[in-house]
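Sharing a structure with you now.
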Amino acid sequence: MSDHVYKIIEIVGSSPTSIEDAIEGAIRRASQTIDDIGWFEVKETRGHVEGGRLAHYQVTLRIGFTLRDTKG
Amino acid sequence: MSDHVYKIIEIVGSSPTSIEDAIEGAIRRASQTIDDIGWFEVKETRGHVEGGRLAHYQVTLRIGFTLRDTKG
Amino acid sequence: MSDHVYKIIEIVGSSPTSIEDAIEGAIRRASQTIDDIGWFEVKETRGHVEGGRLAHYQVTLRIGFTLRDTKG
Amino acid sequence: MSDHVYKIIEIVGSSPTSIEDAIEGAIRRASQTIDDIGWFEVKETRGHVEGGRLAHYQVTLRIGFTLRDTKG
Amino acid sequence: MSDHVYKIIEIVGSSPTSIEDAIEGAIRRASQTIDDIGWFEVKETRGHVEGGRLAHYQVTLRIGFTLRDTKG
Amino acid sequence: MSDHVYKIIEIVGSSPTSIEDAIEGAIRRASQTIDDIGWFEVKETRGHVEGGRLAHYQVTLRIGFTLRDTKG
Amino acid sequence: MSDHVYKIIEIVGSSPTSIEDAIEGAIRRASQTIDDIGWFEVKETRGHVEGGRLAHYQVTLRIGFTLRDTKG
Amino acid sequence: MSDHVYKIIEIVGSSPTSIEDAIEGAIRRASQTIDDIGWFEVKETRGHVEGGRLAHYQVTLRIGFTLRDTKG
Amino acid sequence: MSDHVYKIIEIVGSSPTSIEDAIEGAIRRASQTIDDIGWFEVKETRGHVEGGRLAHYQVTLRIGFTLRDTKG
Amino acid sequence: MSDHVYKIIEIVGSSPTSIEDAIEGAIRRASQTIDDIGWFEVKETRGHVEGGRLAHYQVTLRIGFTLRDTKG
Amino acid sequence: MSDHVYKIIEIVGSSPTSIEDAIEGAIRRASQTIDDIGWFEVKETRGHVEGGRLAHYQVTLRIGFTLRDTKG
Amino acid sequence: MSDHVYKIIEIVGSSPTSIEDAIEGAIRRASQTIDDIGWFEVKETRGHVEGGRLAHYQVTLRIGFTLRDTKG
């Protein structure tokens, strides 16, 4: 692992039910186009409110993955 | 939406069961007296421990709402 | 001035034209209900985009004012 | 305590003599209109200088109190 | 909106005239290749100076947009 | 409580299921060797991803406890 | 001094009278079990309020000391 | 440019009209006595309010310049 | 340079020997696919340890480059 | 006051007795050579410990003063 | 790895020659008494100067290790 | 040392070879005009890239020195 280069991107997942659901949805979506996601870090947890009730959570993640040879 | 003015207040919800429950309880309580809550942001997640077990979560939220003409 | 107590609140001004317009609108709105606003501090500058163009700026301010004897 | 909701406000106390005096004056003033202040946190310690001497300290506090049923 | 995933990227706009011009130029440029930009946040405002005068502002933005199905 | 001295340590709990499970597991583990844990604060929420799915959450906590007379 | 290794721990001192009293009490308590405390840094100043008056200050310190050969 | 040493100072510009005017005034003033200002960074944007209207902006800048051989 | 738009990405370089080696490896790798890298900023320096010895450094960089007309 | 330019410098005061004494000593010392100090802000509070007792406080201040026409 | 609990401690390594030497010395020293150190993070890089030359670097690390069953 | 007053300034050293070389060059340069530099702290590590290779490191230092009786 020692000479690898990783890239970190930020994505925001959302869910009407839980913080974990927002995180896991974002990871699933990101892994459709990125092969080697290795870790994530929660940067911000926000949400929208409608009619006095939580409408959905929005969780901003920094996601790290191994950088392959084609796209920097 | 472009010329609206919003106010942000900080409240702390607590719950013995989950972070989401603390957040949603705080929003319900705040919406008893504030009409147009639009969004929130988690600022801090803390908790108390009793007898070596989690007693309750305390989640500090910044809550934003549209400022009407009566209350500054 | 030495023994005064001040209160700080957070408000968000918005404007389709400039950061200064968002700030000054928020101050005008807040001073409708607060008498002695003395200073402010920009905490965050954000905005919305529609159709690839800036729709409006949203500037979060912390506003400080002298605390009178009626409202805490 | 587990399901309570708290509110946090920011106030600034000032005193020509000490940081503690500024803090305690701000708490006394806030408790004239707020019943259940439970804790505080020092956010910023500043001051003014006149003629090369300290004129007064200004200490910004975040103050937390239990939210009752009437005002959010 | 509840199950969407968004991506956040950072871009830096520059302008010899104003902060707003730097922001709006960066948004226009980004929207040439990104369809659904929804919001931005100013992260840093810097600038260069030449001959004792401001040469240009450089404003770093975090820009959020809806993630479609083709590019992660 | 007024003259007590507390110690704060940092631990990281992990769980494949939820943030709360990682937090509560870390508290249970810490309370095997520390008697008077009183509170905690979430410092960081991270996680690992394997095969495009969340493998486990890692939640860093600051945990505070009363300092007795034997261990500094 | 050049090749020494130091350890930093966090402790919280409390006092009903002053910030300095809370700091100095925490240092005295820590030095009962740690020999070579060299410096400290105030990380947080908080407090509790009872009946509208300050009950006690709580000052969180990071304390640094030389690491001897027995305890990591 | 590779072995140069730079110095960074902090100055605060003020203006009743705009943030840019405060920044550019501060740079002009600083360049009366400093030759090689190269860049700046906005650290804080504040302002004073009088009679419910913005009185002036105060923008704190960090300004960097090449260090010549006479003044450290 | 005044009207250019730049993009900033985050990458992580790793090296078993030094922080500089991790940084320079990350820049070389990124420049395989990005033409006009102009600057970088170290955001985080971490590392892994195996058998009580440093295994490799991991240095997170923010890298800025001029945005051309094809890729946002 | 509206078009003034201010400079901010950082100094560290020290005192064996109190935080206020360290602050006020630093202000007195700085005002020997600077005429128009207007305000300060505490940036850091640290201290040294000798023989298990506080030796002295070290308080880092940012001090602001009006910039006259001779020295930038 | 999923249900492990880790502990994080802070140590400061010092070296007259390089930042890496300070880091690696701190890790070697910590691993004399801690078995399963897994990672570290640089929190602060400081140093002392004597006679106008660098005397030694001081690098503060947060070090994480697996928590076994005997020591909390 | 207890009643001394120190000043902190910020300088940026640069070097094409290493972070340490940038730091030590900045300290040597600063000590040409400042007698009693005692310590430094790394605030920021950046660099420029030319042709896909590191051109030079730029390390921002906060440097502390004892304040003598002539210059504030």
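Every chain is named by a letter (A, B, C, D, E, F, G, H, I, J, K and L) in the order it is written, and numbering of its residues begins at 1.
Everything that follows uses one rule, which is that a contact is a pair of C-beta atoms (placed from the backbone, for glycine too) under 8 Å apart; a residue touches a chain by one contact, two chains touch by 3 or more.
This one's a predicted model, so the numbers in the text were calculated from it and none came from an experiment.
Q: Spelling it out: a chain qualifies if it touches chain B and also touches chain J; which chains qualify?
A: Touching chain B and chain J alike, sorted by label: D.
Q: What shortest step count links chain C and chain E in the network of chain contacts?
A: Steps on the shortest route: 1.
Q: Between A-E, C-E or F-G, which shows the same interface as B-F, counting it as a repeat when over half of the contact pairs match?
A: Selected from A-E, C-E or F-G as the counterpart of B-F: C-E.
Q: Would you mind telling me which chain pair, F-G or E-H, is linked by more contacting C-beta pairs?
A: F-G
Q: Between chain B and chain H, how many degrees of rotation does a Cα superposition need? Round to steps of 5.
A: Resulting rotation angle: about 120 degrees.
Q: Could you grab the centroid distance between chain A and chain K? Build each centroid from C-alpha atoms only and quote it in angstrom.
A: That pair's centroid distance is 30 Å.
Q: I'd like to verify one number: the distance from the centre of chain A to the centre of chain D, where each centre is the average of its C-alpha atoms, in whole angstrom.
A: One centre to the other, that is 38 Å.
Q: Where the CA atoms of chain B average out and where those of chain C average out, how many Å apart are those spots?
A: Their C-alpha centroids are separated by 21 Å.
Q: Any chance you could list the residues of chain A touching two or more other chains?
A: 9, 19, 48
Q: Please list each pair of chains that are touching.
A: Listed in label order, the chain pairs in contact are A-B, A-E, A-F, A-I, B-C, B-D, B-F, C-D, C-E, C-H, D-G, D-J, E-H, E-I, F-G, F-K, G-J, G-K, H-J, H-L, I-K, I-L, J-L, K-L.
Q: Can you tell me which positions in chain K touch chain L when the two form their complex?
A: Chain K reaches chain L through residues 18-19, 44-49, 52-54, 57.
Q: Which bits of chain A are touching chain E when the two form their complex?
A: 9-16, 25-26, 29-30, 32-34, 48, 55-56, 58, 60
Q: Quick check: in the complex, which residue numbers of chain C touch chain D?
A: The touching residues are 1-9, 62, 64, 67, 69-72.
Q: Once bound in the complex, which stretches of chain K touch chain I?
A: 19-20, 23-24, 27-28, 31-32, 37-42, 63
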